[in-house]
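In what follows, chain A forms one complex with chain B and a second complex with chain C.
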Partner chain A sequence: MIRFILRRILAAIPIGLIVTLGVFALVFAMPGDPLRELAGDKPIPAAVLAAKRAQYHLDDPFIVQYLLSMKDMFTGHFGTTFAGADIADQLRLRIPVTLKLATLGLVFQWIAGLLFGLYAGFKRNGVMDRLLLLATLVVLAVPGLVLYFTGQYLFGVELKWLPVSGTRDGWPMSYLLPAICIGITGFAGLARLTRTSIVDTANSDFVKTARAKGLGEQRILWRHVLPNALLPVVTLMGIDFAGIFAGAVLAESIFNLPGLGQFMFQAIKLKEGGVVVLLSTLAFLMFILINLAVDVIYGAIDPRVRNV
Partner chain B sequence: MTTPGEVLLKVDDLTVEFDTPHGPVRAVDGVSWQVRAGETLAILGESGSGKSVSTQALTGILEMPPGRIVSGTAEYRGADLIAMTVKERRKIVGDRITMVFQDSLSALNPVQSVGTQIAECYRVHRGLSKKDALKRAAEMLDQVRIPAAARRVRDYPHEFSGGMRQRVMLAMALALDPDVLIADEPTTALDVTVQAQILELIADLQAERDMGVVLITHDLGVVSDVADNVVVMYAGHVVERASTAEALDHPVHPYTEGLLGSMPSADLKGQELPTIPGTPPSLRAIPSGCAFRTRCPMAIDECAKEVPPLLTVAPGRDAACILRTSISEREAV
Partner chain C sequence: MSETSQVFGAETQDLEGRTLSNTQLLRALLRKPQFVICLVLVLTFFLMAAVPRLFTSVDPHFCALAKSAHSREPGHPFGFDIQGCDYFANVIYGARPSVLVSLVAGIGGFVVAGILGLLAGYFPGLVDTAISRVADVLFALPGLIALIVILNSVPNRSIWIIVAIILVTGWPQGMRVMRSTVFSVRNREYVLAARSVGVPPLRILRKHVFPNAMAPLLAMTTLGIGGLIGLEAVLTFLGVGLQPPSISWGSQFGVAASYRESPHLFLWPALFISTMTISFMIIGDSIRDALDPKLLR
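Our next item is the complex of A and B:
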């Protein structure tokens, strides 16, 4: 087990290098001058501009810029943003916001996905099953962006049930609406996979064997169908978990929550390569850790993938 | 548990239909057979002939719907399995009547150890504690001659070879010392050498326990090796019923004859192997009258008129062919 984990971490290093390099290159390739963008229409004295450019290594070749920002990151000298804010402070303030949003969104997504998926799978071809099929089709067809704005308008602006934006109302009120939106956009896939997986498993030969053994339906369901049907579901839940950051970028920007996603959004707009790479690396580390956790859990529930 | 020669399972006039979008399809039509203690009854037929469906219907493991039992009884020692409630049936199926299936890899739960799966029988039907049940499971593995059974009881199905897995299936089916074992193509997925071992094992365990065995197969070789009596099925009908020796030496129905003729044997060395022309009919379009007439070398116009009844041609011998049974027209029981 420990060797397996070590091997996975070692394998993550080259992937991490490629990911950070790729992200940095993409930011580097974006058109426009970051400092001019920051200044807006105001003229900047040439001397100030040159000093700033030197401070952020903007005139160095691409690979030097990349290596310098990697060095900063690993030595913990995150520095300041172009606008002058201390990045370490920013992280300290923003990480809890994103964690709260992501956790709540994930909880909504998993609960709705599992609940609907399990119920529809147990009562396949029933009314609930058909309603779920319709609902998931709608959710899958409507772009997340539309759903976020609709939710914000309907429950925030018109009905005034929940705050429109910002974190003034604190936890959990300010996070409810964006988290529900994340949950709704994400639950459909999970619900459908759970449902299909249960139906498939219920038709498998070993369930027939269980019937031939004279077992009760409840025992067949809990001991034979579910442990097998939930294997692919666990994988998808892990992928959802790892992908929640992407949903957070959108939700935080729309609902104006000062989290990492919003930070990322601003950094991309300003072409701040260092910040973008830093946040990407954080996301990447999360991804690796979650995947590792999924693999370890998977090994525990599926004997066929142990010791590989 | 059983008295020698006692009729354990008696199926009478069993008819099973499937509801499809194109209307009902009759997979099993008026099938009757019985199995006695110590007897091995082979149900022989091609895929789609209804041999598996009939046993799955009477044990209640057939998906219903789309399946539907139209008529018939299946009496285990006088109690009709089809008429009884699911709860009552569960006390018999899985305890007194057990089953093994063809593909042991998919027929075993992949995420449970084989010991747990065998122990489940003792826990559910006998109420044994986890520890005792596992101990009995290990004993069972030993009885089906799995080496190092005490250690392997914790292993998972994918850690066994095909033959060993089929032994696990057998251990599970025989755990509660059943009266009737229904073996649905138990050796089809195995190598020929392993096949023989498994059949031998079934025969040994059967002799020890004096149980009745219903062996579903499409393999005439298997039938001639182990079966006492044979029921030949074609397109949902029983076309011939006889002792194995009689059926193999003097087949009455042209279909049985055709099957025998297409068996490879030393006499036919160097010659092309004869086959039955054509393919089995789709259950959606069974020919009128005798279902076999379109492939039968001796079919006459009369054959298309009505379904030939299963008639007794000699004591213990029934066949459904108007050409061959017209001599003595006593209706079979």
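Our next item is the complex of A and C:
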């Protein structure tokens, strides 16, 4: 197991290097001078500009800039943004916001997805099953943007049950609405996959064998159907988890939550290569860790993949 | 990281046993009322994108500021936008980017993912390694973030550039689905037979492997088109997609977000974009059901 984890981490290192290098190159290739844009129409003295450029290594060649920002990242000296905010402070403020939003969203999504998926899978072709298929079709088909705005308008502006935007009302009130929206957009895929997976497993030969041996329905369900049916579900849950930070960009910008997604978006707009690479690296690390966790859980529920 | 293919594999079943010929498939599809309705709707949107003049005679850029954000009145069924332009005309003209994205990114994505998946699945070794590693890299970066970064470094964004960048970053998922079905097909008897009589590899891929391995990718593509339409709207809303004066549903959402007191600005593009994505979704669902031999029994 330890060897497996180590091998996965080793394999992730070159991918991480290419990803960060690629992101940095893209930010580097963006048109415009970030410092001049920041200053707007005001004239800046040449000496100030030169000092600033030296501080952010903007005059160095591309690869030197990249290496310097990687060095900063690994030594923990994140420095400041172009506007002068301390990046470490920003992270300290923003990580909890995104984390709260993501966890709450995932909890809604997983509970709804698993409950509906399991229920529909067991009682397939029943009324609930048909209703659920219709509901998931609608949720899958309505673009996230439309759903977020509708939720915001309905529950925030019209009914005034929940705050429209911002984090002024604190945890959990401010996060409820965006998290429910994330949960609704995500639960449909999970519910459908759970249902299909359960139906498929319940029709498979080993379940028929188990039934032929005279096992009770409960034992068949818990020992034979569920462990096998949940394998692809665990995978999808992992993918969702890894993708939730990208989804946070949209939710945070619509509901105006000061989280990592918003930070990322601002940094891209202001051409702050260092911050973009830092946040991309964070997202990448999350991705690798979650994938690793999924594989470990896989090994725990499926003995067949244990010795890969 | 081949788990994705398992996820989609569970929804889009490998075709064992009897498959339908194209005419049979079409006939089976046309027998379903929901498929016909959605097809008509989608074709209407295509027509709207191609010749918007058929639907409205009003110029969407003709505006009267005095009527800013007014609600509907005779002759202007959807009311007016912030600049006082006729909103019905604007929503009609906004169909074009969404339809272009759905068509070009949908078909293009199918072709790119299909070809790369064929190559990766049929030529294990160097080709497979190269394609799969590139896919790993693209997969490791959250999709939306990659798109924002890339689009931000492009100064003049047309709909074609947006589609191209969606294609460049979006193929790995489809490629993995295709690769795994090609794996299951490549050692079937008919492929071995073709190889044994000396059929060149490209012809085997085209005539024998591709037709038998394309169904899951096709179903995934049609189901994913709705997501692509939404993606274009999200990118434009976030300010990294189409730029004014281009008219699109995404930019209309962006405007509507800052004028909450006039909900009609949001309602109409939302209704249109949702109808379009739902239609694509139901078409995709019908195609998948028709292709699934388990349901034919």
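Here, the second predicted complex is superposed on the first by the 303 of 308 C-alpha atoms of A that agree within 3 Å, B and C clash if a C-alpha of one lies under 4 Å from a C-alpha of the other, contacts with A are read in each partner's own complex, and residues count from 1 in each chain.
Just so we're on the same page, a residue touches a chain if its C-beta (ideal position, glycine included) is under 8 Å from a C-beta of that chain, and two chains touch if they have at least 3 such contacts.
All values derive from a computational prediction rather than experimental measurement.
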{"item": "Overlay on chain A: chain C relative to chain B, clash or fit", "value": "fit"}
{"item": "A:224 touches, of chain B and chain C: first, second, both or neither?", "value": "first"}
{"item": "Chain B versus chain C as contact partner of A:180, first or second or both or neither", "value": "neither"}
{"item": "Which superposed partner A:150 touches (first chain B, second chain C, both, neither)", "value": "second"}
{"item": "First (chain B), second (chain C), both or neither touched by A:278", "value": "neither"}
{"item": "Partner chain(s) touched by A:29 [first = chain B, second = chain C, both, neither]", "value": "second"}
{"item": "First, second, both or neither for A:209, with chain B first and chain C second", "value": "first"}
{"item": "More chain A residues in contact - chain B or chain C", "value": "C"}
{"item": "C-alpha centroid angle, chain C to chain B via chain A, nearest 10°", "value": "70"}
{"item": "First, second, both or neither for A:303, with chain B first and chain C second", "value": "first"}
{"item": "Partner chain(s) touched by A:138 [first = chain B, second = chain C, both, neither]", "value": "second"}
{"item": "After superposition on chain A, the shortest CA separation from chain B to chain C (Å)", "value": "7"}
{"item": "Shared chain A surface residues [contacts with chain B and with chain C]", "value": "231"}
{"item": "Chain A-touching residues of chain C, taken from the complex the two chains share", "value": "1, 3-4, 6-7, 9-11, 133, 136-137, 140-146, 148-150, 152-153, 155, 223, 226-227, 229-230, 233-234, 237-238, 250, 253, 256-257, 260, 263, 266, 270, 273-274, 277-278, 280-282, 285"}
{"item": "Complex contact set, residues of chain A against chain B", "value": "203-206, 208-216, 219, 223-224, 227-228, 231, 301-304"}
{"item": "Of all residues in chain B, those that touch chain A in their complex", "value": "56, 59-61, 63, 89-95, 98-99, 101, 103, 106-113, 120-121, 124-125, 156, 158, 169, 172"}
{"item": "Of chain A, residues touching chain C in the complex", "value": "15-16, 18-19, 22-23, 26-27, 29-31, 137-138, 140-146, 149-150, 153, 157, 192-193, 196-197, 200, 231-232, 235-236, 238-239, 242-243, 245-247, 249-250, 253-254, 264-265, 268-269, 276, 280, 283-284, 287-288, 291, 294"}
